[in-house]
Amino acid sequence: IMVTDTGGLGDKSFNDGTWNGLLRAEDELKVDIEYIISKEQTDYITNLTTAAKNGDVILGVGFLMADALFNVAPQFPDKKFIGIDISPSEGQTVPNNLALYTFKEQDGTFLAGYIAAAMNKTGKLGYVGGIRIPPVMRLELGFRAGIKAYNQLHGTNIELISGYAGAFDAPAKGKQMAMAQYEQGADIVFHAAGGTGNGVIDASKEKGSQFLNVKADASLTTIIDEYFKAGRGYFSIGVDSDQDYLAPGYVLASAMKRVDNAAFEGIKSARSARRFQSGETILSLADGGVSLSPMKYTKGFVPNKVFAELSYLEKLIAEGTLVIPGTDEAFGTFDVSSVQFPF
Amino acid sequence: MSQPEVNIKDYAIYMKDITKQFPKVLANNKVNLKVKKGEIHALIGENGAGKSTLMNQLYGLYKPTSGEIYIMGEKVEINGPKDAILKGVGMVHQHFMLVDNLTVAENVILGSEPKKGISLNLKKAREEVKKLSDRYGLYVDVDAKIEDIPVGMQQRVEIIKTLYRGAEILILDEPTAVLTPQEIEDIFEIMNKLRDDGKTIIFISHKLHEVMKISDNITVMRLGEVTGHVNVKDTNEKQLANMMVGREVVLRVDKPEKTPGEKLVKIENLWVKDNRHLDTVRGINFEIKKGEILGIAGVAGNGQSELVEALTGLRKIEKGNYYFKEKEISKYNVRELREENITHIPEDRFKYAMIQEYPNYYNMILGKHYLEPFAYRGFLQHENILKRSETLVKNFDVRPADSTIATGNLSGGNQQKVVISREVSAGPEFIIIAQPTRGLDVGAIEYVHNEIINLRQKDVAVLLVSMELEEVLSLSDRIIVMYEGQIMGEVKPEEVSIEEIGLMMTGNKLKDIKLSEDTKSHHGGDK
Amino acid sequence: MSWIEAIFTALISPLFYKLTILSALPLIFASIGGVFTEKTGVTNIALEGIMKLGAFTSTAFTFLTGNVWIGLLMGIISGAILAYLHAYVSIEWGADQIVSATALIILAQGIVGFLMVPVFNQEGQSDFVSKIPLVRIPAIQKIPFIGEIFGEITIFFYIAIVVIIASWYLLYKTPLGLRMRAVGENPKAADTLGVNVKGIRYFGVLMSGLLAGLGGVYIVLGDLGQFQEHMPAGKGFIALAAMILGNWNPIGAMWASLLFGAAEAMNIQLQTLLELPSEAKALLNLLPFILTLIVVGGFVGKTRAPAASGKSYEKE
Amino acid sequence: MPKVQSKNKWMPFLVPFFSVLVSLIIAAIIILLLGKNPLTAYAEMFKGAFGSRLSWADNITKMTSLLLTGLAVGFGFRAGVFNIGAEGQMAVGGIMATFVGINMGNVPAVIAIPLTMMAGILGGAVWASIAGILKAKTGAHEVISTIMLNWVAYHLSNYVVSGPLAVGQGVPKSPEIAQSAQLPPLLTVQASNVPSGILVAIVAAFVVYIVLQKTTVGYELKAVGYNPYAAEYGGISISKNIVLTMAISGGLAGLAGAIEVMCVYHRIFGAFTGSRGFDGITIALIGQNNPIGIIFSSFLISSLRSGSNAMQSVGIPDDIVTIIQGIIIFFVAANRIIKMWIMKFSKPVKGGELE
């Protein structure tokens, strides 16, 4: 049984993603699944308790549910609890029937930042944040790190124009911010802003199609043709889930957080007591916890050399040779100038 | 005095057996009114006799409970003012029906606007207003906003409104109530012109000498019924008064002799601004002694309201001194003034002096609600409050005699009693009373007048502001007349005529009047 | 770049003006709607709810029919329907207009939330739908500066110009407008002259529904192409502020809306131009709200509401 | 304009009661149109609200903050002020309570608890007073200024939990307040606590009742609300009372924030008010701005809310509860329609009648 946070299903983010993981589990592991949507914060404990009474494995989604989950889990020692995108607070001990999954968001956005820098033609990139909270800041840092890496490896000096909309539900603001950043010289804008980001994506579509002088609903092939004719274009980069389809040809890529994988893995491990791992698991690039979207529509824009470099960096990250910074201090000392591409 | 149906054709208006039942009041009971074409027909009666109600039915604002209306001999069904206007009826209401922030021309054409395509044709509107005002001598400033023009002009705008709509029958509901004697003369002239032009006029007034002067026929109402119908030639004021009230009326107040005591209140060079920040009271001086009534006469809007508000702390005193018992109190706020035992009966009692939603017992302590015995350490002492209220309700005959009823649910007259009883019994040393009898009927007026005299006998200093000249004249020991924020002169009531006061009210200084005058008819001589 | 420099750079950039206009458009529609209803004496603080329903309905119909014009039409009709409820209880039943409008705000939220899944198969937000294409006028595009602002712009910009001029004309130059102003100021006086007070008030409230609905439609079909449940995120209330600041006059409301739009555009421009720590950027978002507070606190004393606004009128 | 007054003393109870009834009927029709059985839906809802000790705990947790924000808004209404800003005041109250609460480590609970609570009250009061002062001094309409202050508070609380007070990596949240500043639960049902905040809230309701009905402060505040002209004439300062009203109203909302922190979350995070400040409007209106009425209406709404969670299980979107709320308030506004219906039904009894 899954309990959503107040975003509810349809958030195109962790709740939906987790649910997809559950659906996959239903399919492959033949388990019964159910969900309860929480409407407000005070619902968490109640809904988790209800879920614990009716099910064997209970998934709580979203970092706001942390406290509730820590309270409910010890009450039901014979049930298994999974927290998606939840980490323990300072000094909290994780009950031994609770497994937490978190993500190294910065790994994914690092790749996004790198590819954005590689595709950049103007010397400037854009970033629109939602509310300035730690996960969002990590997303930003990863993106910055990607740009920094590219700058160091290619001797470029690409800058980032950043802005915060102050809300996850202000698409109009997101759009205007992206427009301003395009105007200011950015050609690719990355968003970490939830619903606000949809405005960013719409801005890339509007700006991109205007620039290429194609209709708003032009086909992908037309867009690609015009892009190569013009030699450049305008893009956005999505976040959390694969948002490429929202504006095909204008969303360069999405830095995905694979909550579905986390949920699936969680359920799978919870089926046998032996494999159940209580405590916190941080999913990274290596575990498939984060990744770049398959770039279904935009692969054609990107030179193969860039993909090659990306794969190499991915490998370094997976090996642990390259650690993407998650804090400001780490970012300051982040340095990839020693990396040598084998080609 | 029932007339055969045949005569209907001769009447501009024939209202037959009109009955109007309000939820609690039978305002008109089988009223018959016949008005001949081309006459000025007066309709008189006490407050609440049902005059306005009757006219409102003729104008379509109320629907009669039963009865028939004939206009120009034709039976009509009037479902709204629109119908009445179509039938040639125009009405000038007791309370003006003007839109303050529109211009005169806009007010006149509202509802039957001249058009040019889909637009307003304001040019044509202005021309027509000018034409009408020239024809009947109704001078108005076409482009001025209503809120900026004096009442007299507003009155004329109301008349033009009816004429503009082609009214052949004009209803004027108490048109003279707010006018100066001179303005009244003007309006009578206009009415005569209109009559000469073939229009029919229904004229409502409480002032019997006016009625005698201007009208042809008179219908008298009392308690919702017609009590008489007379030709002006066959009657006199006294008879009319008796028909109105149903008994002999004593119109004069009995004021015992009294020598005023020491000086209590002194105003020196007082300046006050109005809401638009214009100087409205401009350097006023006067004194009031203990046990003395100082009356202030003047046309509304000449600074009386602002003066009263300044003296009661509701408005800032810009300049000048205000002494009470030799103490300078011009900076005191409302509460501090009340604590000096200065109380106030404001002119708009419904708006300013009571909280309609509060029960009587709460309204009876307003202003003293925080003082012992009504409050103790911030807690209301309901027992004491109720006791006080019950006493006042009994002494002042508030009906129904129920302290717990919400004041807003009382009749207008009784609401006033709540206010008056509270202020009068709050132990004032100086009381400021504005328009004490506005909206009251004869019985209540008698009562209030007696209360004011009683205060005087108890050595209270009284400042009385009233637009009713008769009232000021009969109650005051001394009278000052205000015009445009200044005092035109101070007179003793027994030494002045209504005409003289009227001249002062329109801006003539007392000394100028005295010079140009030889004959004078003293007040009371016409009674 | 220093603050002064950044502000100056913003002010000479055509984008600043374009963003100002785009931010102001929904406010212009809704605040003029507010002018209409208040001028006739009925307050309608439910603009927020009406915009939400308008945005939702237009998205839903565009989504279902694929035709943006049907979406546009249904969006404004839905706004009018919601406003009608307010008009009905306010005009016929003397309902407390603030309470009734509060009900509508909540009702709109409930209806929209309830219908998300049935209509869009998801909660929270809709898919992207088609938008009304931008209008490109090459002649204007060629003009420097001006061309960058108006050369290619949403059709709602032109609709707004028509709405502003037409409302001003209607209110101040036609018989209907005269009657509206009279009814909002002194309904009894208007009544005694045979003016249909109720009818005029219905007209005013319905216009507010149409226009606020249009404001909601713009957000989706003119701007973002997607409906989100939180829309319009307070714009309806800011439109009320614009109406008051604009002294209940369509032209004034337009200027006030542009002022709020400019505050938002300046926030965005400054964030883009200035290199500040991210927490400072986050706080720049307070700019429009604090500006509104200052403006409302500082200027409102000089504006004057229609005297009868918010008061029910009943005869005998 | 003559007010519709009812002679029936039960009318103040009957109107909200029938409003609720009518909206439940309308909602039932909607549910029916969805192809679901409204009876099962309502039964499920009832179970969700009262079916078990757990649901009671949930219900009362929800009721606590709703009661306080309802009181905040209702108090404002009584004094003629429309405080839409309970949301922001609650947020500021929560922030202030947290600021104080986290520093109460070595302070005994008898001092820490009142201190933390006071901080919340004060925070809300000061926040609301800004709007009060603007209204009193410049005439700025409180609806606009409180809405703007809501936004400012919203951004501020996001800033606080991600900046000065931020702890931990995952969650934008403040640290927990000290143990001594936490209000102990009344009762613990599994992981759910029945917060003792409910007692504070109910006490607050009675205090508000007494202030309004029995004190000169209440006399003056109501006078200003009913008729500012008459109040001023009676020596009551309008501007002072507007600011005071806003301060008390905001203090109650701030208390809601503090209680929420002290009882439920023990910390704050962004947007923790969850629009309960706005719910306060609903609750005040249904409770007819009467503190005792508000106790009942907050219980009604919290029950609907807890019940709506349970309705999900039979496939009915919980937004139906929002719709029900909207309809209830609509009928509270158009109470004359309801009165007319009541009268029609009670003709034979001949109770109330329109005046």
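First chain written, first letter: the chains are A, B, C and D, and each begins at residue 1.
Basically, contacts are C-beta pairs under 8 Å (C-beta built on N, C-alpha and C of every residue); 3 or more make two chains touch, one makes a residue touch a chain.
From a predicted model like this one, the values you see are computed outputs, not experimental measurements.
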| item | value |
| --- | --- |
| Highest-count interface - the chain pair sharing the most C-beta contacts | C-D |
| Geometric centre distance via CA averages, subunit C-subunit B, whole Å | 45 |
| Length of the line joining the C-alpha centres of subunit A and subunit C, rounded to whole Å | 35 |
| Centroid spacing, where centroids are CA-atom means, of subunit B and subunit D in whole angstrom | 47 |
| For subunit A, residues that touch 2 or more chains besides their own | 131-132, 137, 166 |
| Subunit D: positions in contact with at least two other chains | 155, 158-159, 162-163 |
| Contacts with two or more other chains, residues of subunit B listed in rising order | none |
| Which chain pairs touch, all of them | A-C, A-D, B-C, B-D, C-D |
| Of subunit B, residues touching subunit C in the complex | 22, 59, 61-62, 80-82, 85, 91, 93, 96-102, 106-107, 109-113, 115, 118-120, 161, 165 |
| For the subunit D and subunit A complex, residues of the former touching the latter | 54-55, 57-58, 61-62, 155, 158-159, 161-163, 166-173, 175-176, 190-192, 264-267, 269-270, 272, 274, 276, 305-306, 308-309, 312-313, 318 |
| Parts of subunit A lying in touch with subunit D, wherever the complex brings them together | 6, 36-43, 45-50, 63-64, 66-68, 71-72, 75, 85-87, 89-90, 102, 131-135, 137-138, 166, 326 |
| In the complex, subunit C residues that touch subunit B | 169, 173-175, 177-179, 181-182, 185-186, 188-195, 304, 307, 315-316 |
| Parts of subunit D lying in touch with subunit C, wherever the complex brings them together | 1, 4, 30, 82, 134, 137-141, 143-145, 147-149, 151-152, 155-156, 158-159, 162-163, 281-282, 285, 317, 319-330, 332-337 |
